[in-house]
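Here chain A shows up in two complexes: once beside chain B, once beside chain C.
Here is the complex of A and B:
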């Protein structure tokens, strides 16, 4: 069995909705049936076969090569299987995802994993704004699952996040963790302005002390948080490439807030983390 | 059957069904993990009056525990799910959470999970924090030493209680010396524990009594001081009988534990005051699990 592979024939001129191409929806389809599926492309619609060269015979494992920024809603609502992407995975990647695995060798746009409740997404490059956040009209963002961003994240990562874990290995844009309800956001690089703005509960773990901790967070001091030891050990155990997490100790400086929102969230700034990573 | 000159009776140990869970207790050092584990397993020798039976199974290295600290695995047994849930809540709450630097995790998983942190989290008085790591939910309960970290639930599994064998010795000193070695050998068996003090029962009991309000009473047929009064099971040279009671997560664990324990005892032989090994049963009326000594030892 080989992955069902989609190779773009030409770059779309406008957005291309790929929500119909998930392992769940393609399971049991022949290659001919897959090629006949209609996809929205801007105001028009076209067949998969006209837009992509399609090959392979295992619909539970999909591969997109030469992906581009025009993609939207790839992996939407998927519950199982695997999608691998080379290139830019577009906006709304893994929106409302409930299970399975998405791996991107490249970057992703805005609303990555918005509203997802299970499964895992790993991006080797950068991601746009509103990772794991609530889409317009939704009361909460992601409610489960894991997102890993190997590069930098845009603004408002984890906005209204309720459960799950987001790991950003690089920097994060303004207002990371804004209005968080619960869940865990780890930023090993630098978090910019307004981190944790309006958060009610949840945990933001920072690898570096931000230039400004919001004044609506109270300093609880330097503490040993045994939970961090558990988090780092489990993360290192579950994925080999995160083995360096074993280097982090449980010590952190804890800020509690956002008291302006009556919140009991926390920002944990890892102590000596940068020194340990570079060592 | 004779092993090293020690007579092994052709009889069986009778055991009954129980419910069990394994817990992993960690702390800053192994010493403090032991403090918590010893407290949790204290007064947990018999379900007759303790509510549960519990003992330390083994030490765990930092690589074997969820938080990378030294730990202790303990197994708790009770007669019902409800009783086990109640004992887990009471004992982890009062013995583990109160031990400085401790944390408590599930040591077994099953389809039937019972509350662990789920029932203890309320101690946090609203400041408790739930965290899910790799699909497992934990509770962070703020306490005065820092945070008490506790897994949401632990797996309850069917288990067996009451596996046993009796060691008939010349004196108590001879008996206890041999039984200590037996307990050490049993400790090496995964999934089996000996819940009585030091793993040895000095006052084995029978079911019932002449007094209506007493559920269990002395097993007079094995009491050396009553040899002249009752139809005794003891020969003239026996001056002390000790019992080793084994609870296990499955039949295999108990069989292995009995085999290891009896062999350890028999190594002493009659010259070192060990004359006979037998087992306690109630004619097959107490429980469905029968551990025949000869079958296990052959």
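Here is the complex of A and C:
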């Protein structure tokens, strides 16, 4: 059995909706049937076979070899199987995902894993705004699963997040962890303005002291938190290359808030994470 | 061009035709009598054994204006899963409870509807409402101007101004906004809300203006009647949704002293206060009052189970209901001191006692009001349910067994406290044709709609007979709008632009002097810009303005 592989014949002129191509939806389809699936591309629609060169025979494992920014909603609502992407995976990657695995060698756009409730997404490069966040109008962001961003994340990461884990190895844009309801957001690099803005509960772990912690957070001083040791051990165990997490200590400076929203969340700034990740 | 529908089984209550087999003829979009035998017929549709009615008319559906757009903005989740791809002939769109304007038109046409009336057009918002409805394709549109909470009228009433001036003001507003009728929502209550009153019963005075809802109601009902506007004052009464509000509704009927009145979404106004839960059905009493007062007509505002959104000008009510928002978000706002607007998403559940009883109350009203000419089929779209549930509602009315089956699924206490399972009336096709076509057309004074007689516009729906009325009414075989075939097998095949229906009551120009002073002092726009010109209205994209005559009384 080999992965069902999609190779773009040419760059789409406008956004291409790939929500129809998930392992669960393709399961049991022959290659011919897959090629006949209609995809929305802007105002028009086209056959998978006309847009992509398709090969392989295991629809539970999909591969997109030269993904581009025009992609939207790849892996939407998927519950199982695996999608591997090379290139830029576009906006809404893994939105409302419930299970399975998405790995991207490259980067992704906005709303990565927005509203997801299970499964895992890992991208090696940068992600756009609103990762694991609430899409417009939704009352909560991701409610389970985990997201790993190897590069930097855009603004509003984990906005209204309710459960699950987001790990950003690089920096995060403004308002990371805004309006968080619960869950864990770990940023090894630098967090910018408004981190934790309006958060109710949940934990934001920062590898470095940000330039500003919002004034509506209470400085609780230095603490030793055994939970951190567990978190780092679990992270280190999850992937070999995260082995260095084991060396992080459990000491952190704790800020509680956001008091402006009656929040009881926390920002934990690690005191012993100076050993930066190996590239 | 002469077109024949051959072998139709016609239901045309306006002409007393109840299932007669006959041929229908259309010449250039107008119904004509059978031509001489040797006349050349350009096209014949074989509709043998198929049921043919005039296009349906929705007398009360919120399809345009500020609140609908606010509901759309508030609920992206009502749109994202319901995206509709465009095609060379149809526009793209989305939405379930509050679809985008184009989708609204397509879905209505696909159910055989050819005219829709927006009941709550705030005069200050009229321009936007018309522009938006011009983008509701195929169906004709019209709107009722919302009065009774506007500062100007309340000042007039507080100042004990004579009825003549009030009539002039009402007529001026109807002309300036190209309205087809006049509606009042929670008379005075929306305004009172802004003065921190949280309820306002029929005889309670508005704290600021000192005017009672009864006073407002009488003044407006009289104005509409004396100006000769065809459709009687369209009333969304006080205390919507409040247990025990049936008393208020009965008092409202008595308050107008025999003047014609249309009570809208009466289901929400027919609640008693009996039983352990302090909430019961008073549908029987309301139905009795409707039966014995020929000046009263109603539409039901049936609740159907599922997710929807309530959008109303009644800020007082919506603020009261905000706790029940599902999903948990809501909006209440003032609009130009004219009235208000409240949007609260809502999920009607069959296992919830109150929702289940609301469902029963609506059906009890349908089944106990005897005269189908005075009761219209509505869900108060989207407040009781999206309009796309109409076919199912029709089946509930026509099919006792189906009703019983549904009744078995609802909250058992609600079931027990309702008399619904003892009501064995089943609506006939003729009665459905009356309540969805002939009666609304008559109430609205649309002379060329709602029937298939000589001179009528060729708005025609052809149904494939089916014992399952839901299936039959959700997928007409053919729908013609002004003679153009727009739907085949329940799918839009051609999009057209409908007309806008309006009425033009006469008034004394003197009112403009008073209004101009008022506008210059208080309003955000000038009098001249407030008024919408006919050219401007047509520029929004309607095919014509159909002006209906007034008969001053």
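Following the convention adopted for this analysis, the second predicted complex is superposed on the first by the 274 of 279 C-alpha atoms of A that agree within 3 Å, B and C clash if a C-alpha of one lies under 4 Å from a C-alpha of the other, contacts with A are read in each partner's own complex, and residues count from 1 in each chain.
The working rule: a contact is a pair of C-beta atoms (placed from the backbone, for glycine too) under 8 Å apart; a residue touches a chain by one contact, two chains touch by 3 or more.
Just so it is clear, the structure is predicted and the values come from calculations on it, not from any experiment.
Ranked by how many residues of chain A each touches, chain B and chain C are led by B.
Applying the stated contact rule after C-alpha superposition, one finds that A:135 touches chain C and leaves chain B untouched.
With both structures placed on the common chain, the touch criterion links A:242 to neither chain B nor chain C. When the two structures are aligned on the shared chain, A:227 is found in touch with chain B, with no touch to chain C. Residue contacts after overlaying the shared chain place A:15 against neither chain B nor chain C. Of all residues in chain C, only 74-77, 80, 85-86, 92, 327-329 touch chain A in the complex they form.
Of all residues in chain A, only 40, 43, 45, 135-139 touch chain C in the complex they form. Chain contact summary for the complex, chain A toward chain B: residues 144, 163-165, 182, 184, 201, 203, 223-227, 229-231, 233-235, 238, 246, 264, 266. Residues 66-69, 101, 103, 127, 129-134, 138, 140, 146-147, 149 of chain B touch chain A in their complex.
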